[in-house]
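By written order: A, B, C, D, E and F. Residues from 1 in each chain.
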């Protein structure tokens, strides 16, 4: 349990009268779709503390509707500067140089550097892994898994000596199914000993579920925010909820909330390129205060921020499981 | 023709400049999605006069996105108090105790009590029937029909000695077809002598149609408001219109409007959990004035109110059939 | 337990070396597709003992591929004479006179006459019920249920004072789902108190199941042969198996075989208008010997016969459940 | 190159801070859905200079959701007066008198009169051609092509002696594919020598593409605005971009922008009867100033206006191809 | 009415006991799938009298499952010699040189030469037209229509001065719909004045219909054999029937048989690459005797022959319409 | 290049007049569907030389239509004895003990033991790996990959120090897509460095392709027999062909035949539980003579044998690529 304090975590107190476990930032969305000239939309975004400020890897779909990853920095985690052009990746094997598309990144500090995982287009969507030491130079390692896969999320430390990753096997389209699995690796390149973690249930998570931000280590277990999808007669609705995974056997689910924690209610969540999407990809956590800030994509169009208290989330999980 | 006056019917005059047969209440939606702490949305709702005020059974989807029926009361039919927890049903047969889901209720005063019909989950959606004398205790009778069925609506009196119900046979998903049928019963438990009433036509009602509020008895026939669905490239659009059924042979359609009367135009109808839905489940009628107030769900998210005059609806039907 | 002996039941001993519970008649198919000039195919067929010979109602699709029911007689239950034209039905209500199609009949002796149930086209497939005293004059009663339904099968006596029918709710196409339900009636016209009987399971019965012949009353329970459907990449495969239902609570399944009893293996079962179909619609039973003869449609093209011993079927059920 | 100046072209300068090639009119939408009493929506609309003002043919879906074409006039191209009833067409062959539906018109001045092309319902959607000299009397010529086709757009002059039309072959539903082809005719009645022009590509135009307004003749080639469709998990998104076609071999694409020029971003584009649609059907061009005004349908509900400069579009094409 | 006698028409008398209007040749199939070394299958085949023998254009799918057209000759119309390699086409426009695929040919003597029509792959299936004078050199003219179209069949003479062609608009896959339309041309290159001829009906022709062989001119009208498709739960079933079209207004249907004339019943029709297909593409006719020989593809694998008498077909049409 | 001679390879000379590269055994099928009492079908089967005879792992679907793997032995490779009950697997982790289903095995001698790979049901189909030293005791190792995957085939030796496996990522149903990928492992448990090998092409392999038997090492490269699927209007057709992969860079395709080598032509290939399937899972090879015997499943029902000469296959590949 060695997570660092994060006193500069972005934060806003729960609004008066609000009884929700998670509440939205009052100035959402924090990143508009046109923050940079090239972008059509900026949404599922991965943010980490970096030096005394924040850095991130952002999904920026351009006006061709190409899906790309762009770098960004922020002093306060709320106001962001993003590069107008995508990240260029170094790679050892030229066969891997053709990134057909890149989307839905996660970033995690793991041992000695920042690892980035994302949905990488290599003859179909799969999980690409790369890293950076400084957010200046980025190196592509390998595709961890075979297509078709999405929502690959690394744990922030080895567990029982192995690297661990969550992912959601899928098909080559708008997959109408999806469960969360876990894979283990000695070297971040070869993966195996796969285990089923959790699948769909009724209601808001009846079509598919997928890991969201990098799990947060707590005394009780790994806190996982995850998205769930319901299929209405007019398409998918993406909400998100939470579960607690066993610290040592992380494919064991200890608690899992049966209600969603946040679902598309506001205008910026309900309308946009894909109506009715709230999709978390990153969180910040300040252990001394228990504050958690969650970055989530809205309607596949803009990026927003929501807040909660760790203790309240854990209470929710125990009472709503 | 023995319908009681309803002087306290909620009402607002047609706005200046409006030429529509049906007009919206200016303070719509009257029930927000979060009226009660547990709710994700409160929409397709059944209201009746009760003593000197109004009572209702409301579809309240909670934050698990479970579909439930909650009780509510109102003094003016506009401002509502709802229970935070669903109605508990008494039942004789424990095999029927597992309500997988309950949605889209209708309530009707029939002979000596209030009957509630709704889409009941019993190995698939079918039509559950229950009753209450006092909106305190609710008893579940039986599922009137086999799955897969939705939109079961009772007539407010026996016709030729039999109870009569409209319904819309469907499949086990987001049914892409649907016509209105009528069934008859000596005892509200066994149903037969089914007849076809009316099916889809072009335009706004080209995918499926289903009965809305309990039919209103008029000298000319039974006035039925019903919903119709059009399938655009981006999903279903639910509008509603009207038809007049024969008083004695209620599966005979006398008139049927070819235009819709109300279709999703406002923000609260066009965006929400299911964009572009206006779905009526209840109406109030004051014979002396001809006033009709219609409760309808909006975007499967909130509940709204619209108004019309009986005579104008009948004129619309004769001129637009 | 008052079933009559049937000494003239068609019969052929189990072939040497055969270890199956059910074996095919060596001269299958017994009814070729072109037995009568008008027919394209003659398959799902309902046979009963009648006087000292056998009578039946046969699905005869003609060369328009209209689906109809034709009458037939046989002295030995194997060699059949069928009318070239469909049965004409008397009916009380002219609204019911338009039989869009009629298929998959069952015939049962019930109290004082022969009842016929079939899939009847009335704005969609539903369960028509008619009767005959003499196989000369046939009277149509009513559609027992709303569309969309198929495989309506009556029990051969009242149970606890009520008529009882199995059916399989479906949709309006080649339904990819289907479970067996039970409905009850005081008068064969109004039906209610519906109960779920049994649904799909893995393997041969993973897509849908439906009742086959009229259940056979035994000391242990009602013996039900039923079809099950598996969906391969090249379409449906119809096999059939057996279950035993409680005598007094006939929606309770006592035993249910996990293996099929007969599946398409022969040329006349594997090729034809619908490859890979074996579909039982009738059985004959001789209590003194325990002999059962099953009539089943093959590839939606011809009619065949298979044999088994009641005791062996019951043993199969107890050992394979 | 003999296009007339159009000094009264509707125009509004690019807003300060806007870097887009195309910008929206600040008072969009210019035609509300209820401009005329009969309409549900008024959107994909064809406008031409007419005498000293503007005339147009407008898609007006009425409250039956019938699709029709209505005539309109405007003094400034922004404020419009539309007939409440659809255009009546003269026709020579009574077999062609049953217009099942009419939608998505284009109007072009060609030689001596105004030709109208539209998607015409004749046993499926195809391309109807008619003409008017005066916007008073309209004559239907013939269906140029067989069903199923949409988005038929005539060039404003003969090319190498032949009339030339673009179209997008489709199927009989919400076609999930679609490329642009060209056909040639000696007489506007018989069409042949069909050539493939351009198909789908990635991103915003990955599902289908179709010609928009009548091509604008420039020194460099025919400037074609065209729509492209992306399929998200929640349906189609219609954006539009541009291409330049060879003046003499107009099925040769010289340049084609890889980014869209306008995509649904505003409320009136993102919500309505079909969310996320921007669909251009007409443009006006003033050669002396290079000003182009584009009329486009929004969310299949209202009509809007956008502006650009020819030279900037051409520069975009050369730099973004 | 100037059709030539064809005394060498292949012929075999109706088998004893057969009451069908059309009967099969006893040595079917006449062309096995492996007649030539390169072929996977040889089926939908177009045969014409040529000099004192017979020539034909045959669909030969090779072992890549490429679809091609090969030339063949026969002395008796039964025993055939086919080229192992596909026909090479001359063409004027190199843009048309890329035949993506070619299948389902028809051949007709028209004025001064043999015209071949077929389903031609040009950015989708459409109707290619070519010609030959001598079955030695073949010239490709143009694609008559836009994609997506199949089953283009020319009439054997001009009608009212115009060339006339039947076709069946379709989509880009295994089209689940399809009606027959007629188009007219002054030059076999430009086509227009399209008219609807006939659509699907129930039973054997409920999914789609398409013209078969070149229509035979009779005193009563044009005799058209056409295929119809029924969709079972295990796929398409292709049968064929007949209709009579007006001599001068050939899109007017005078008679249309409601029964099929031939449907897959034999092993070589029910099994093969596509089970349950009988698909006629050519017929021979001897006016003095009224004999007609029909060539039809079986299971998309082999080619067979069937026979009938003109007078009996006409009688069938009058009695079965 | 150290493959052992296999003088007892099953063999039958090419029939007179046959010009095919691969020819069928004259007594096919060698294993009937009912070889053992429990089986519904025995088809996709993996055979290896074992001691002085042959052993194998066979897909035996039982009469529940459960999919299982059974062991078998044969003296001549043609006549087989199979266990009636499935193989029991030892396993270290009880979480992996629930084999939902097991099918389509391959067996390979690798270093010191026989490895078995198969499609293993672990929350979806994936690639299970196990091993046996003696065909008496079988040990389950792990699932090599995440669901959804099928057709996992190990190379018979390490390449550049790593174990290598081909597989075909898929979805959770009758996958309508599928390409062959390669994965590498240091330990047969963790897999990575995935590379795309080859995808679909036109004709017989237009829907999906998958590796068949264990690749055969030759001087020119790895000879891979693989299946390809074409989708007709009546379902999938499984043929098989061949490719040659680079010895050291085995995801590089040197040659790939454009024609199939064997496709369903015989009755036992065209009819059965899944019509039109030929699916190779094993081959035997005798280097001194170049003889290859291929075991392939037929119609998902029975097992057959085909023969070829290595040199002729290589010549085919060079001339047909």
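In this text, a residue touches a chain if its C-beta (ideal position, glycine included) is under 8 Å from a C-beta of that chain, and two chains touch if they have at least 3 such contacts.
All figures in this text were calculated on a predicted structure; none of them were measured in a lab.
Listed by label, the chains touching chain C and chain D alike are B, E. Under half of the residue numbers found at the chain C and chain E interface occur in both copies, marking it as a different-residue contact. In this entry, C-E is the pair from A-F, C-E or B-C that repeats the interface of E-F, since more than half of their contact pairs coincide by residue number. Separating the centre of chain D from that of chain F, both taken as means of CA atoms, is a distance of 55 Å. Centre to centre, using the average C-alpha position, chain A and chain E are separated by 59 Å. Averaged C-alpha coordinates put the centre of chain A at 41 Å from the centre of chain B. In chain D, the residues that reach two or more other chains under the touch definition are 234-235, 271, 275-276. Applying the touch definition to every pair of chains gives A-B, A-D, A-F, B-C, B-D, C-E, C-F, D-E, E-F. Residues 95, 122-124, 126, 142-149, 167, 169, 171-172, 175, 177, 179, 181, 183-186, 189-196, 199 of chain F are the ones touching chain A in the complex. Residues 19, 202-204, 206, 230-235, 237, 239, 258-260, 263-265, 267, 270-271, 275-276 of chain E are the ones that touch chain C when the two sit in their complex.
By the touch criterion given at the top, residues 33, 37, 40, 62-66, 174, 234-236, 271-276, 300 of chain D touch chain B in their complex.
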